[in-house]
Structures are given as C-alpha cells and as structure tokens.
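One chain, subunit A, links the two complexes that follow: it is found with subunit B in the first and with subunit C in the second.
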Partner chain A sequence: MVNAYVPADLGEALRLLQEKTVIPYAGGTDIMVHPQAEAAYLFLRQLPELNQICTTDQYFVIGSAVTYQALLTQTAVRLPDILLQACRQVAAPPIRNLGTLGGNICNASPAGDTLPVLYALDASVRLARLEPAVRDCQNLTPTIGYRILPLRQFIQGVRRTCRRPEELLIEILIPQTHDTLTYYEKIASRKAQAIAKLSFAGAASVSQGQLQRLALAFGSVGVTVVRDSLIEAKIINGSYDPEAAVQAYAALLRPITDQRSTASYRKTVCLNLARDFLTAVQAQVTAGRRGR
Partner chain B sequence: MRGEALYVDDLVIEGLLYGRLLHSDRARARIRSIRLPKLPPEVTVVDWRDAPARNQIHIVQDDMPIFAKDEVAYVGDVILMLVGPDEQELQNLLSRIQIDYQELTPVLDPQLSQQVFFDYHYGHGQVEQAFAEADHIFSETFHTGLQEQAYLEPNGLIAIPGNRKMTVRGSMQCPYYVKTALVRALGEAADQVQVVQEVTGGGFGGKEDYPSVLACQLAVAALKTGRPVKCILNRREDMATTTKRHPSRCHYKVAVKAGQVTAMDIDVLMDSGAYTTLSPVVLQRGIIGAPGVYRIPNLRVHGQARKTNTVPNGAFRGFGAPQTFFAVEMMMSHIAAALNQEPLAFKARQLVSQGDETSTGGRYHFYVSLPDLIKRAEELSHYREKRQAYARQTAQRYRRGIGIALIYHGCGFTGNSERDFIKAVVKLKKRTDDRVEVLASNADIGQGIKTTFAKIVADQLALPLEQIIVNNPDTDKVPDSGPTVASRSLMTVGQLLAQAAARLKQVWEPGKEQVIEEHYQHPEYMIPFDMDRFAGDAYPTYSWAVSVVELELDRLTGTADILGAWGIFDVGVPIDYNIVQGQMQGGFLQGLGYACMEHLTYSPAGVPQQTSFTDYIIPTAADVPNLVTDLVNNPFSHGPYGAKGAGEMPMVGVAPAYLEALEQAMNCGRLEHVPFTAEDVLDRLSDADGHLHPDFDTWTWQSKSEAESQPADPRQRKG
Partner chain C sequence: MQIINVQTGIPFILNDRPVRSLSAPGTRLLDVLRQEFHLTGTKCGCKEGECGACAVLINGRLVTSCLVAVGSIAHQAVLTIEGYRKTERFAVLDEAFAEMAAVQCGFCTPGMVLATEALLSEHPHPSPEEIRQGLSGNLCRCTGYQALVQAVSTAAQKGAGLW
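Moving on to the complex of A and B:
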C-alpha cells in the first residue's frame, strides 16, 4: 500500500517530513524508475513556495519544484542561457513537464543534466526544516529554519547528499555573474531520452583582456560532477596555458567503462571539449588585450 | 487510435495462474542439482519431467528443449517454471532456488566455435580463372553486431487447458507455427490444439520463433496444473533471453577487370547462438543476397552458422540480408575509392537488370527499377553534388559526409517453400448479412495487414470497407495461410484474397452464406529452386531500394547529426500509402540504430550487458528530424494490385549508407563494422594520426602490374 501526503504549504510539508518517514516527491521522474511498494511519498509540486522564480540583488532564485519546462517557458527572469541549454537537452517533453531542478539535484546522479551547469555557475541550495520548538516560549508555532550550502558541498556522492531527513531543498540560488563565454555539451547515444555519457559546462568572464572568472565542470566522469578550483586558479593567474590545463585535467579525470560508454571515450571527449573551450577563452583574452 | 485494444496481459480469465521462468545464469554448464526452497501448497514446479511427449520445441529443427534437463547452453536458458496465483511470491521463490552448476568454458566467439550448425556452398562461373585474369584483387572482412527487435509489447502468452484440448492465446506472428510446435510437444496429451493471436504490439521477427518456445513451456504448465497459466516476460527478461539479429563476419574477395567486377569469393559466418532456431533460413537469405544488386559473372559463396553459448539468434526484419548487404555495399564502395572512382558511378555500371541471372542462376524476370530509384534519390538528396563538395571541405571540428546504398529484398519465402511446405490456403466467408469475413492466419503486428487485406477484398467486391471483417487469427477458424514473415502476407496471401474475392463476386448471392477457398499456386514462370545446390529462382520477384544518409560529424566528440536522410523504395504498388510510409520511416530508424547506436555486448562470462531501454539505445524521431521516404511504382504482375514486399527494405540499406557518409566525414580510411559508435569514431580518429590499427584493417589490394600497385593510403581517398 502506497501512502501519499499532499501538504498545502511548506510548513505542513516540513511537519510531515519531521513526523513521518516519507520520500520527498517533486516530479517523480527518477523515483518512479524504481517505485517502492511500501514507501510513503510526500508530494511537493503543488507547494507555492517551491514554485517561484525571482531575482535578488545577487542571485537568481529558483524554487526546487520548478519544472524544466517552466524554466524554459517563463519570461519573468532572464536566466543564464547555459542553464536553459541544459534544460532543453533533458530527456523529452513529457519528462521536462514533470522533472524539476530540485529533483535533479537531490537525485545526485553524476549524469544529472543540469548539474555541471549549476556547478559551473557556483550555485547554492537553500534547505529548510522546522526548528525544534522552544519549550519556554509562548508562541508554539514552530519556526522554519534555513541553511544555505554550496551545491558542490551539498552533493556528496552517487545519490548521496547532505540533506538531513527532516530537511527539504526549497530553492536553488545562482549568482548573477556576467560570463562572457559559456559552453555546454551533453554527449549521449541519441538526441532525446538519453542519459549522458558525459557532459561538460564551461563558463568564463573576460573583461578588458583579463580573465576574471573561470569554471569548468565535467559530468558523468566521477562520483559527482568534477570541478577543480586549483586548476582553474592556475589558468586564471596564467600559470597554465590551455594545453597545460588539459594535461592537468587528464591527470584529474578518472572515468569508468560501463554499459553506456568507455573510460577512454569519456576522457578523450572531456579533454577535447575542455581544450576547445579554453582555446576560445584564450582567444577572448587576446582579443580583449588588443582592444585595450 | 482509440486505446481500446486488449493485449494478452489485459485478458481476464477465470482461475488464472501465473508462470515465472527460472533462467540459467551460466552460459555453459551441467546442472548437478537443483535445491528448491520449501514451496507453499499453491505453487507448482514445472520442468523437463513434465513434458508429456518429448522435451523438444519444433522450430525448423528440434534441438531446443522445452526445459533444460541436465545442461544449460546460454545465460537465459529456461530450467523450470514456478506456477502459482501470486506473481510476486513466485518471483521471491525463484530468487531462493539454488542450482549447483558444473561450469564449462563457454564459447562466445563464433570464429572459435567448433560446432557448425549449417554449412552451405553455391556459385557459378569460373572463379579461379577470373581471379587469375583480374587487373585488381581486393579483399576485406566486415562485421555486424547483435540487434534487439525492441517491440513495444514484450513476449507473452496464456495457455488454457480444456477437455483434451489446449488453447494458447497471445502475442505472436505465426499462429500455425505455434500450433505445430504444440502438437508435437503435447503428443497424445491433447487431441486438439488451438492457437489464437491477440493484439500484438510489434514483432519485427522477434515473435516469429520465440512464441513457440514460451507456448510449449506454458502448455506443459497448464497440463500439469489443470489451470490457465500466463507468462508475460518483463522487459529485462525479454531483452536478455529472447532471439536477436545474428552477428556476422563476412569476408569478400573481389576481382576487377577493366573497371568491372568479374568475380566475388564470399565467406559468411553467422553466430547462431545456443540453438538453431531459424538460423538455416536466415543464413540462406543472407548468402543468396551476398553479391548484392550487382551482375557478378563468376561467384563463389560459402556460408556457415555456428553455435555459441549466447542467446539463440532468430528472425529480425531483413533476415540475414542486413548483414551481407552491409558488407557488399561497403566492399563496392571501398573498391571504387581505391580505383579513384565515385562509388555510385562505379556501382551503377554493374547493376543487374531485367533478364539477368540472379546469384543462384535464377532470373530477374521483371523490370529492375534501381536506375529510376537512383535518379529520384539524386533529385531529392543532391547526392553527387554534395559528395563532391564534401570531398573538398577543410573544416576542422564539424565535417560533413554523404553516402548511398543500393539493396533489394527477395519477396516472400526463399526457394520453393511456399509450394512445398506452406501451401497457403485462405477463405472468404460471406455471411447472410452480406458482410464478408477474411479467414487467413496472418497476424496484424502493427504492420497494418488487417487494413490492407480488407482494402483488397472490399475493392474486389466493390463493398464499403466496413463490410469486411478481419479478426485476429484463431486456428480453429482460419485455414493455414502461412506465417507473418518475409513480406509474404500482402504479396502472396493478399493475392490469394484478391483471387478469392473475384470468384466470390462472380457467384455472389445476396442474403446467402457463401464460402470461397483459394489455394496457393506457384508462379509458372519460376525456375524451380534446388535447395541443395542453391540453384534456380530463390524468390518470385524483388523489391528495390536506395538509401541516402547525409551527416555532420563533430570530430571532438565523435557524434554525428543526421542532416538529411532519404529512402526511395519500389514496393510494386502500395496498397495503403500511409502504412507503407510508416513502415519505411520506422524501418529507416531501425536501420540507423543498427548502424551507429544499438550496441549489445556480452560479458566474458556470457551475460548480456544491455537489457533495458536505458542501456540499449534505439533511435527516436529526434535523431532523424528530416527523413524523406518516397515510392516509385513498379507493379508486380503476380501481386495484388501490383504489390510486392516492403517492410524489410528500409532497414537493410541504412547501415552502409550511414557508414559511407561517416567515412567521408572522418576522412581517415575504410570502416568495416556496425554498429559504428561515437566511441569507435574517436578511436579511429586518434589512430589515424599514426597508422590504421592492424586488427581491423583487413583490406588487401593486389594489382596485376606491380607498377600500378600502390599501398592504399586511406587519407587520399577520392570522391
């Protein structure tokens, strides 16, 4: 017998999460691949708090139950192109109508289509839970407590995050950067309905011939998306030219061979794409210097 | 589409029990002992001891047991069935059965197999002399992979015991094949056997032979329990344990003199898997088509199917032809390139035409429409223009290529089978309400045979379509008009129906029940086929096709986007234009999957590695957004309204066309196997910086005059 809970608001959802053993269910597109007959599900997609898209001074704020299709069709906020590019390549329309950004993160698959982009954009997640009621307080309404974690810290391994059982991922925060170059490739065996063999997201901000920000993120080549700040720093400070950086990534990436692809293919393509991206970045830097 | 169709799994049957199969998880082993958990009283074990007559399944031969007795021959071989009222309980019990195996080393590579199931030779002319006199001799080896039919509805049947009668209902292509297998398996345990096809969600050959296997297993279970027993395979089970397309290795040696191919010496090896199933017939069709659509004056063909400890391979759209047509089309293209000729021009100069001898010394009795199809393909695709333009491209990351392939389908059964074995019979039953029922054993498996049969009969009788009734075949009601295979249903059975309807019209009496029966007659023009020598007309006629693929390769990722795809087909005359277009488009995608995606492998222990749609990738419409399929009419005098075979063709030519396009885009030499995946592309591109890898480059080229002889530098290909 499957138990289902349909809370009306965030507070009720968090209370259920605290009181019962439930599996948070946003779009269900990953959960329903292996449905559990005995599980209890906590449905989230009707919660208004989890369906907002807005901006603050610093961030794009995306509710965790916002679907890919909603991200692609909304006009309220001008979201980074590279994120939309990744959303367009998720599965096919039926999945995009149900699947959510929060679900993609909490499923924590190294092949999650939006994850390399979110890593490259330095995204964070906001988690909420009910704070334990304070006994000597008159007001018995429990308060909601929040914490914000960088996505890179939140996801810990294959299908492993540091979400506590009573916590809910409610928002994704994406800093409003001014990237002058972004680059996204999802490599799969076919154009639609496919799990990535590997994916790559690159983002760079070049201003007047100066590389200000750089991010390279690789999906499906490790237990989590791979990003390496040290290599990025060395590229930014000029210690690595593109080829040296590619060599550094070659030493870093350790993909596996499985039923979908081979380790050598994954690695070769990652390095090809990184080289291509870094060459374009370098061209932008050089052009900027000439322009000064 | 109304969603009203009931599949076998939807049927509600009183007292139904479920059957779950215990599959071997070893590729080759003796069974020392089987330890069952304590079984609840409602659960019954069914195994080889319960087979009432003989523990064998009749397909072509009888080598496959209903239940494995003391040895297993592949991962998936069925050892026993648990039968009971609760499927989940059966599944739990199955996982607790312990089998003590004595493991033997499995043979997974047919080239290393010592067990030859079938061995055929044929040929004509003076092969040795032609090679001695040749200007050039080329040879190369090609490989093709496994392919899964990937029908939407998995295999599933229900066996219902009656009073000395056994009824089997479910998903299938060939009710009378299933009936014959059941009659032999049950022997005297049943006086009557009835087989009923239910709505079937696709077959592609995958429900030609396998339903006979499951039917025998279920019938034995129904006999033992006295209750109806149902088994619907789950997707992983179906993909892991039921028949696939035969992998092949084809070696070609070709003599060229004065720019013409004068001889071919061809050696074909097919991987039969653990049992023979339909391998002899698949191999026959494969080797008959091995010289392709070309006039080859001197020919020698050798074909073998050998046993391996893998899933038995069986029928699949094209039935041996995709393997050899791939090889011969690549071979011809490679020779053209070596001789600095444009491949299409080289091929077009040696096409067969009406009146020519076939590979088996029969005749192309009818007009060969290939020149018309090529012309149409060029109009639509601008093949030659693009081929030349892409030969000059200088782009680094994205490079384009275009390729073309020419193929035929030998329509209907191979040889004299229609005359000697099938002897098709159809009936038309006019009811008192003047509605006419088509009684034939051909199954609608999504190819639309109900529609086309009804259209033929309605037109002959000048009746509205609604007055024609075509039910799913039930062997208690319909005569044996043969199986649903090889594009014979419409061409052969459809013609019988047209004749029956014409006769009915002559004797039509309103308000009276009338039955017309029509029997197959072998076309008088056919040169009788000698199966031992492969001599005579292998097929009554041929359908023709040209496939063109244009793609853009990303050299950084090894992936290719299809820019354009064209399939031009001579199916005689289409009885239903939309149905034919649907077949052609779907088949083209299946061919594309075969060419570059559908990768199915075994672990060293013989365990299939891709057993779900997540891991076994078939193309979707998004992969070929701009597919154009077109028909050129070429009526067949002996088919209904001029119709010939259709369904196989779109599958057959795509792989060679795709690979020729990919070769041009990669610009680093010959390609020689399918599926050619993105992984293969990158491997080859990185090798191309140095030398071709000797393992896959089997190409040799000898020229008569040493001065003319040059090493074939793959990077200097022309055209």
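Moving on to the complex of A and C:
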C-alpha cells in the first residue's frame, strides 16, 4: 500500500522529501498525463509558503505553486505584462486553474510557455531543503537551507533540472527591470489548448537613446530555451545591426522537425520574430537619440 | 500533515455531500467519479486535458478531472453535472442550449455546461470573445461552436440576475 502526503507547511514538505522517496505534485497537469496510481505523491498546492506573490526591493517573488489563473487575476503586485501575456496563452481555463509556474519550470519542457519569458527577464529560482546537520536533533527547530540559481542554470535539458531529490523549488525571483519594450509570440496550430511550435520573448530597456539591456529568448527550438549573451552584447555595443544579429541567430538556432512543426518553419519564423523585435528596438533607440 | 492511502481513504465533498474515496491517491478524479461513484455524466475523452469533456468544478473553479489526482483534493468541494443539474442556473442553461441547438451528440455537453457556469460566475454578461475564451478548453466536434456561443449569450440574458 502506497502512501501520499499532504503536508501542512513547508517544513513538513521538506522533511518528507528528505526522508522518503516522493514525487512533488503541484498542479499535476503534466504528471497526470501519465499518472501512476501507486506513486507516493507529495501534494503541494495547499502550502501557504508556495502560494505567495510579493515584491522585494529587487524582485518580484512568485511562489512556485501559484497557478496561471492566480497570476492573471491577482491584484496585489503589478507583474511584468509579458509574463501575463504568456500565462494567457497557456492551454485554456481548466488547465490554467491547475497548472503552476513552478511546475512549468520543473517540468523543463523545451516548449514550456512561460520559460522564454522567464529567461528573457533573467529569472532565478529559490530552492529549499532541510539542513542535514540538524536533521536528527529533535530538540532543535530544523533550519531550512536555501540556494538561488539563475533559471538558465537550473534547467539543464529536456525534462532535466539540477534540483536535488531533497530540494523543493519554492520561489521564482524576477528582477524588477524597467524594460521599455517587451515582445512575446507563441506560434501554435490553434489559439487555445496547443503546444507551441515555437515561441519568442524579447525584452529591451532603452534610456535616452542608449540600449541598456537586451534579451532574446527562443522556445521549442532546442533542448532548452535558447538565449545567447554574446550576440546580445554585440547588439548592445553596436557591433551588430538587426540584420547582422539575425544572421548570428541563424547560425545559432538548430531546431528539429517533429510532429508539431518542421525545422525550417521554426527557424524561419524565429528569425522573422527576432528581426521584427530588433527593428522595434532600433526604432526606440533612434527616437531616443533624436529626443536628446 | 496528513498521510493518505487506500485505507484512510480521501474525504471530499461531492455534489454537496461528504464522501470518502477508497481509490489510490494518484488515481484520476475522472476515474473516481465514473467508476467509484458511478457518476457517468463526466465524460472521458482524451485523458490529457485537451478536450474538456471531463470538466468539473472544484471549489467553483473549472478543471479537467482527468488531470487531477484524487489525493490532491482532500476536503475540497467537487461539483459534477449531476449535482449542478439540480440548480436553477442549470435550468436556464438547459433551455438555452436546447433552444439554440447547441447540443448534437451530447458528449461535450456536461463539460460545456460547467464551463458556462464558471464563465458566467466570473462574467455575468460576457462578450462573444469572452464566451469563446471561457469555452476554449472544451472541444465540440458537432456544432461548430457558433450555436454554443449563442446558447451562452442567450442564457446570460434570460438568466440575468442568477449569476
């Protein structure tokens, strides 16, 4: 007989992760496509610690079990529009009521709808675990240890992250940048309930005709979301105009052909979206210089 | 902390009555409803959250019951079409769906009706675009959707004040 667990708080959840072999279950929308009736699930949705949305001086902090629908309807924090845009395009209402941001990350699908946006916004994840040193001291309150990793580092491949078995992804941290231009496109065979053939997120911050920050992230065209700091740096320092940058991305992107789309379609559309975005960025830079 | 298994069972509220499922915690809620509680109004279409035929309301929110492990809903309130059909709101939807010929084979209908309930609870006077959004998780292979949009619109008018 297999047990499942409904912890009351984060401490209990972390203790279970340390002591037992359990499968963290947040929204369940990916797990339940291939359910294991006998699996020892650790149900997380009810944990208050994973359901908060707040801001600090530097970050938007989103609990890992916050659903897409909760992100779209909450009014406490003014989240970046581009993130909400991506959430609106996830599946349809019944799945947006279940699926969570933390789940989208831990599932680590190359086609995860929010991932290109989170990459473009330089998001990080906060992981928690019980500190092993005090695990067996019953008189001590167990301390929770944390580590923060950039999302780009956390996701390592198709459905692969560097979460250790005893760790839980508890928060997503999004720097409060002041992007003057953001751009998101999901290309799929229909508007709702479709997995992306490809997706693109762009973010730029232009101040007085100076490009301060730039991010281009491509989804569904590699084993993880593709972002290239070197190309971005060359655009920022003026070595690449939009066309040269598009050529650089043409050499970088190596999508595959599968049941959803073809390599050449994916690449062509990605490059078109990148060109469109970079042209808009350049227009903002030019307008800023004129206005100086 | 609560430990749940087939011996403890999983207590929840089903159509306003307290029940206890004795299925394994990882079992799909869809299968629990149909096989354990014999509530076959909830339909099984795809088992991957694509079609919406298995949609039910959990705490008033529309979800695809195929993607819900029964262990995850302990102490929560599930409403299926069998529970909803006893309501005044259902009577309005029933009439509007019939009047606008929004039902043909009927397989998607329980999910469509519950999606409509969720939609009207949030937007009592939805625009056609909001209706399409609200029903976007439910596939219908018969009607071509226009009849459904009209049925929801008609229900919103005739049932004004109920939502």
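What we mean here is this: the second predicted complex is superposed on the first by the 281 of 292 C-alpha atoms of A that agree within 3 Å, B and C clash if a C-alpha of one lies under 4 Å from a C-alpha of the other, contacts with A are read in each partner's own complex, and residues count from 1 in each chain.
Note that in this section a contact is a pair of C-beta atoms (placed from the backbone, for glycine too) under 8 Å apart; a residue touches a chain by one contact, two chains touch by 3 or more.
The shown structure was predicted, so the numbers you read here are calculated from the model rather than taken from an experiment.
J.: Let me test your reading of the model: by the given contact rule, A:7 touches which partner, first (subunit B), second (subunit C), both or neither?
T.: second
J.: With both complexes overlaid on chain A, does A:259 touch subunit B (first), subunit C (second), both or neither?
T.: first
J.: So in the superposed three-chain picture, is A:269 touching just subunit B, just subunit C, both, or none of them (first/second/both/neither)?
T.: first
J.: Of the two partners subunit B and subunit C, which one touches more residues belonging to subunit A?
T.: Looking at subunit B versus subunit C, the one contacting more residues of subunit A is C.
J.: On the A-aligned overlay, A:176 touches which partner chain: subunit B = first, subunit C = second, or both, or neither?
T.: After superposition on chain A, A:176 lies in contact with neither partner.
J.: Quick one: classify A:192 as touching subunit B (first), subunit C (second), both or neither.
T.: In the superposed model, A:192 contacts both subunit B and subunit C.
J.: From the superposed pair, tell me which subunit A residues show up as contacts to subunit B and also as contacts to subunit C.
T.: Comparing the two interfaces on subunit A, one with subunit B and one with subunit C, the shared residues are 92, 191-193.
J.: Name, in rising order, each residue of subunit A that touches subunit B in their complex.
T.: 92, 185, 187, 189-195, 197, 259-262, 264-265, 268-269, 272-273, 276
J.: For subunit B, which residues are in contact with subunit A within the complex?
T.: Touch residues, subunit B against subunit A: 397, 556-559, 597, 601, 609-610, 614-615, 617-620, 622-623, 677-679, 682-683, 686.
J.: Would you pull the subunit C residues touching subunit A in the complex into a rising list?
T.: Residue positions touching the partner: 1-7, 23-28, 47-50, 52, 55, 61-64, 66-69, 71-72, 74, 115, 118, 133-134, 136-139.
J.: Tell me, which parts of subunit A touch subunit C in their complex?
T.: Of all residues in subunit A, those touching subunit C are 1-8, 12, 16, 25, 28-29, 31-33, 35-39, 41, 43, 45, 69, 91-95, 97-98, 191-193.
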